[in-house]
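Okay, so chain A shows up in both of these, paired with chain B first and chain C after.
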Partner chain A sequence: MSAHAERRASRSRRRWLLTLGSVLLIAVFLFPIYWMMATAVKAPDQIVVYPPKLVPTHFDFSVWTDRIFKESIFVRYLLNSVIVGVGTAVLSVVLAAPAAYGLAHLRIRGKGALLLLNLSALMFPAIMIATPLFVIFNRLGLANSYLGLILANSTLAVPFSIVLLRPFFLSIPYELTEAARIDGCTRFGAFARIVVPLARPGLFTAGVFAFLLGWGDLVFALTLVQSDEMRPVTAGLWAFFGLNVTNWNGVMALSTLAMLPPLVVVLFAQRHIVAGLTAGGVKE
Partner chain B sequence: MAGVTFDRVTKDFDGGVRAVAELELEVRDGELMVFVGPSGCGKTTALRMVAGLEDASDGDIRIGERVVTQLDPRERDIAMVFQNYALYPHMTVFDNIAFGLKMHGVKRVEIDERVRRISGILGLDDFLSRKPRQLSGGQRQRVAMGRAIIREPHVFLMDEPLSNLDARLRGQMRAEISRIQRELETTTMYVTHDQVEAMTMGHRVAVMRKGQLQQVDVPQVLFDSPANLFVASFIGSPSMNLIQAPLERDGDELVARIGEQRLPLPPEAIARNPRVADFAGRVVALGIRPEHFELVGAGEGLRGTVVLTEALGSERLIHVEVEASPVVTDEVLEVAVDTDVAAAEGLKWEASQRRTVVVTRFGVEVAANVGDSVELRAAPGKAYFFDLETGRAI
Partner chain C sequence: MLLHNNYDNRYHAVRRRLGRALGNYLFVLPATLFLLACLLYPLILNVMISFQDLTAGTLLSGGPWVGFDNYRAVFDDPGFMPALMHSIVFTGFSVGFQVSIGLSLALFYNRQFPGNRAMRGLFLVAYAVPVVATGAVFRWLLDGQSGVINWALRSAGIIDTPHAWLSEPSTALPALIFVNIWLGIPFSLMVLLAGLQGIPRSLYEAARIDGAGPLAQFRYITLPQLRPALLAVVLLGTIFTFKVFDLVWITTQGGPANATQVLPTFAYKFVFQQLLIGKGAAVLNLMFVMLLAFSLVYLWAARREEANV
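Take a look at the complex of A and B:
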């Protein structure tokens, strides 16, 4: 074989190996999703069998027909999650955007300390602040309410959004704000009319991450919510966990359903998310 | 229309950096005042204080009779052209130009009419629906100008608007800006570090250094009568040649000892600078501009050896090494560093060798080859003297 042909064969082998490795990696990450969806339609006797059945041979849709699509509470759980997710996204972006912009461009004494403080807020796991928040919210009448859940999730979503948005605002030249102020805008007017439209991909990205954070929360949902009607879908899953027996069909069925809205959001938003995460990487 | 007055204006930044020090200056109504100086001299800070983008630490700024020191930029009735144009990327050319009028509540019909008129003047009619990223550098610059002009403000502020253009386009736009300013007669503050812009565009030029105003006058006076070493070495390209010259009295004559040579100062030089006689026995800085040298016969001038010739088409630059120490004061080094860091090191090295290279400018008909011995003299009345201690012109 000539040297050229050998090099081509070697490149081809490398490509195949890379492809195989990538497929295996993706399979590892996607397997839990597959297992969840498979378990949602498996007959109960196939769920806990050993060795595990990778591909279901007997199907059982009763949990779907008799519970998920019959009992209105599950729709309520999903609706609650939508409200909390969207509310967290909106509140986080509204609060984080001007904060991130100020930390990016304004001359603030102690800016370094503020940035560190903001970062430190991300170090606290939700479980640490859930109980203190319950005490405070209870006194304020916010426990067992949408606003309470939105505020609780925002305690984590806002600092994260600030960290995400600040580099983005740094990439938008401050001269644009200055030009707008000279043209007749107030400081806030320049931010709203000039900076926000340019920061749309970043704001969108921050909003999506905040939505996912709010949608996927379990700790605050379990701590702050007492009534079934207020439960988001993450806490609603507990309906299928009994004292001695767990309805895995039901758990996986509801989980599959719960996965769909964030999946749709991410699929719809993925182009903007990539733009939001990479924008500002190259200076114009 | 209105002038701009700086009334003992100071700007201190955090960390104790004084960017502008007690600036007292008046930009007259309808005048184009160019602010020039090396990087960090405070010219842009002064401009930004007029715009309201920087707060003055002390003193007052007036536009006309109005004290604007504490006012927001939008309340000052000024318009600014930024170095990087600062066009709004998400808006079309039309919307960029119209934005200021929209913010001031001008009606849609009037906005449309005014934008089209301005775009016609600036040659932007075909680009109104484009976004800034679809324009060339020169087109963006004109949009930035249009955005400023359309507001008919009291004052135009321009912060190095041509620095991002290539040399040819810069020349065209320089002429266009000058023409527009003279037509509109709007008071204009123009910041640049480009000599040619400073000398060709401004009614007057303000030279700044380390936050302080060095001299303000019409360009020709700055060139012919620099107030100090800094202005002398900053204005003019190539720079004024500055060499150390100990002065001695020899009877009635005043003699400059340069290297091993003793060169009597001609009577017209003393008549032009009578105070020079007070510096007998001291070392002064002798300055001669490249274009003010004359080639003379043997024994009549400063001896030197040609080390480089540069033919520039219509003229010739001849670099002559002479036995003399260059002036290496802080001001001169600052100008050298601003041009080229290596130039400053070169000056210090020359001083240590007591040799310096003077740059002379002659017509192309003057032939000189590397290695030739020549003798140079300043044209009558074209020698400048500076006090080495204070830097001031004598």
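Take a look at the complex of A and C:
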């Protein structure tokens, strides 16, 4: 009896040791993010020092009050990113949802070719699409526009959403659509009223990924946008610091600003992101 | 109830059948049109551009056809072979470390302990950070004067003098690989953990009864069962790493002295800095062929794996 209790106590102690190990692992892994935020709120004279001050002792928000929220361009960058990120998410889900449903359940010729195109689209480097889009958008006058950026980001987000959503729709029995049709729904009505509500978690996951893609993109932002006030925050950050940095305080503050919105989204949508990563097997 | 005459009935039947067939296509039509216009057409245009002498002056009108001149120019360029080698080294080491670290972490988080689920979710935070911000913070961490990494290595007695890791040609590529490993760990961790969780417990119980130790269990149960997930992580990781542009551009721009020049930055410089669009397009198409070959290997392996199950 007492031996049993002892064994149980030792097992519980071992489990808490694992917890401690996990805390250490995460502390090391997330240190860069901590360091970014810590540098963003330090007094300027505490930043370029040796040895580094691991914990800020004097907080100083002057870079936030005097630059980031004072110069309207930084807020404009953020707004541009919101428009591009949300636009990419909406366009991708609207285009991908019916297509993924069609590829999952309906009789369509060339299904295999379409699926292959979507799968292989995930392999194309963004820069490879950016080059011809640069030419096309300049000819069509779409360079330097939100629509251009949203379309460009969707070239990756739409195929990804289709690949992600098809298994979702496959798991929703087609009999539900048929039942709705017998009850007098049109084909599209059955899809919109019966299938879409059931697929909401999947649609949400696809939307979150498309948003993260659009928000994090640098290639299109760098190549398809010329004027400063149209830049998303990623390109704005790059324009701000470029190759030679002396103002780490400002760079880290702007990095923090660029990170916070997607961070909030990721923390709230954790479960959905794990589902998307393991189903679609896609990063970036 | 309405009475229909014969003609009306037939008309409606044909219409209905036609409508049913067309209706199916309407679901995929918008996405297909979009992909044709914004993905397939650009890719074809890219191939056409690579056979033209397209520069800033001829951007709108189209350049003269020059056959394989651009490709010849790329192969003759002294920067091409080094860029290809850097791409291979960058991809190989990144994927190797990402997968082994990801596997170790997945094995760790596959055990039960308090707070496991909440804590492993935190690895996804790396996913939220735009690559530009990641690049910026790692440049700061690797800084030659007051970077934390220099301080940590000196405190631990590993190095005597600080290094400007990203601006010394000998250390720039390894430093860049280090940053890219950090970026790729969450993906490997999550996919491999999902794979581990899919292995039936009963297999391990049976092995224990047969007297298999932890190492034998790993070798004969975990590894074979994890094959599909490992395959996905290695092959997809390779494809995604091979095309990384943004991280390299932000941290080093291919420098110092081209020590971190990879194929994507090599192409970018032609297209968007020197406006030799045809030559850049040729580099991109060569990359595309390599990626395509790799994708085919992946699709083939995935299909074989499915057939085996």
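The rule is simple: the second predicted complex is superposed on the first by the 236 of 284 C-alpha atoms of A that agree within 3 Å, B and C clash if a C-alpha of one lies under 4 Å from a C-alpha of the other, contacts with A are read in each partner's own complex, and residues count from 1 in each chain.
Assume contacts are C-beta pairs under 8 Å (C-beta built on N, C-alpha and C of every residue); 3 or more make two chains touch, one makes a residue touch a chain.
Please read all numbers here as calculations on a predicted model, not as lab measurements.
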Q.
Quick check on the superposed pair: does A:Leu176 touch chain B, chain C, both, or neither? Answer first, second, both or neither.
A. first
(Q) By the touch definition at the top of the document, which applies to A:Val266: first (chain B), second (chain C), both, or neither? (A) second
Q) More residues of chain A are touched by which partner: chain B or chain C? A) C
Q.
Touch test for A:Leu198: chain B only (first), chain C only (second), both, or neither?
A. first
Q) Looking at the overlay, does A:Val245 come into contact with chain B only (first), chain C only (second), both, or neither? A) second
Q: Check whether A:Ala38 is in contact with chain B, with chain C, with both or with neither, and answer first, second, both or neither.
A: neither
Q) What is the contact status of A:Ala157 with respect to chain B (first) and chain C (second): first, second, both, or neither? A) neither
(Q) Need the overlap of the two footprints on chain A, from chain B and from chain C, as residue ranges. (A) 107
Q) Inside the complex, what are the residues of chain A that reach chain B? A) 107, 173, 175-176, 178-186, 189, 194, 197-198
Q: Quick one: which bits of chain B touch chain A in the complex? Just the residue numbers, please.
A: 14, 51-53, 72-74, 78-80, 82, 84, 86, 88-90, 99-100, 103-104, 147, 151
Q. Residues of chain C touching chain A in their complex?
A. 20, 23-28, 30-32, 34-35, 38-43, 45-46, 49, 54, 59-60, 105, 108-109, 111-116, 119-134, 136-141, 143, 145-148, 151, 155, 182, 184-187, 190-191, 194, 232-233, 236-237, 239-240, 243, 245-246, 249-250, 253, 264, 267-268, 271-272, 277, 280-281, 284, 287-288, 291-292, 294-295, 299
Q: Using the touch rule from the top, collect the residues of chain A that touch chain C in their complex.
A: 15-16, 18-19, 21-23, 25-26, 29-33, 35-36, 39, 47-52, 54, 94-96, 98-99, 101-103, 106-108, 114, 117-121, 123-129, 131-136, 138-139, 151-152, 154-155, 158-159, 162, 187-188, 191, 212, 215-216, 218-219, 222-223, 233-234, 237-238, 241, 243, 245, 248, 251-252, 255-256, 258-259, 262-263, 265-267, 270, 273-274, 277-278, 281-284
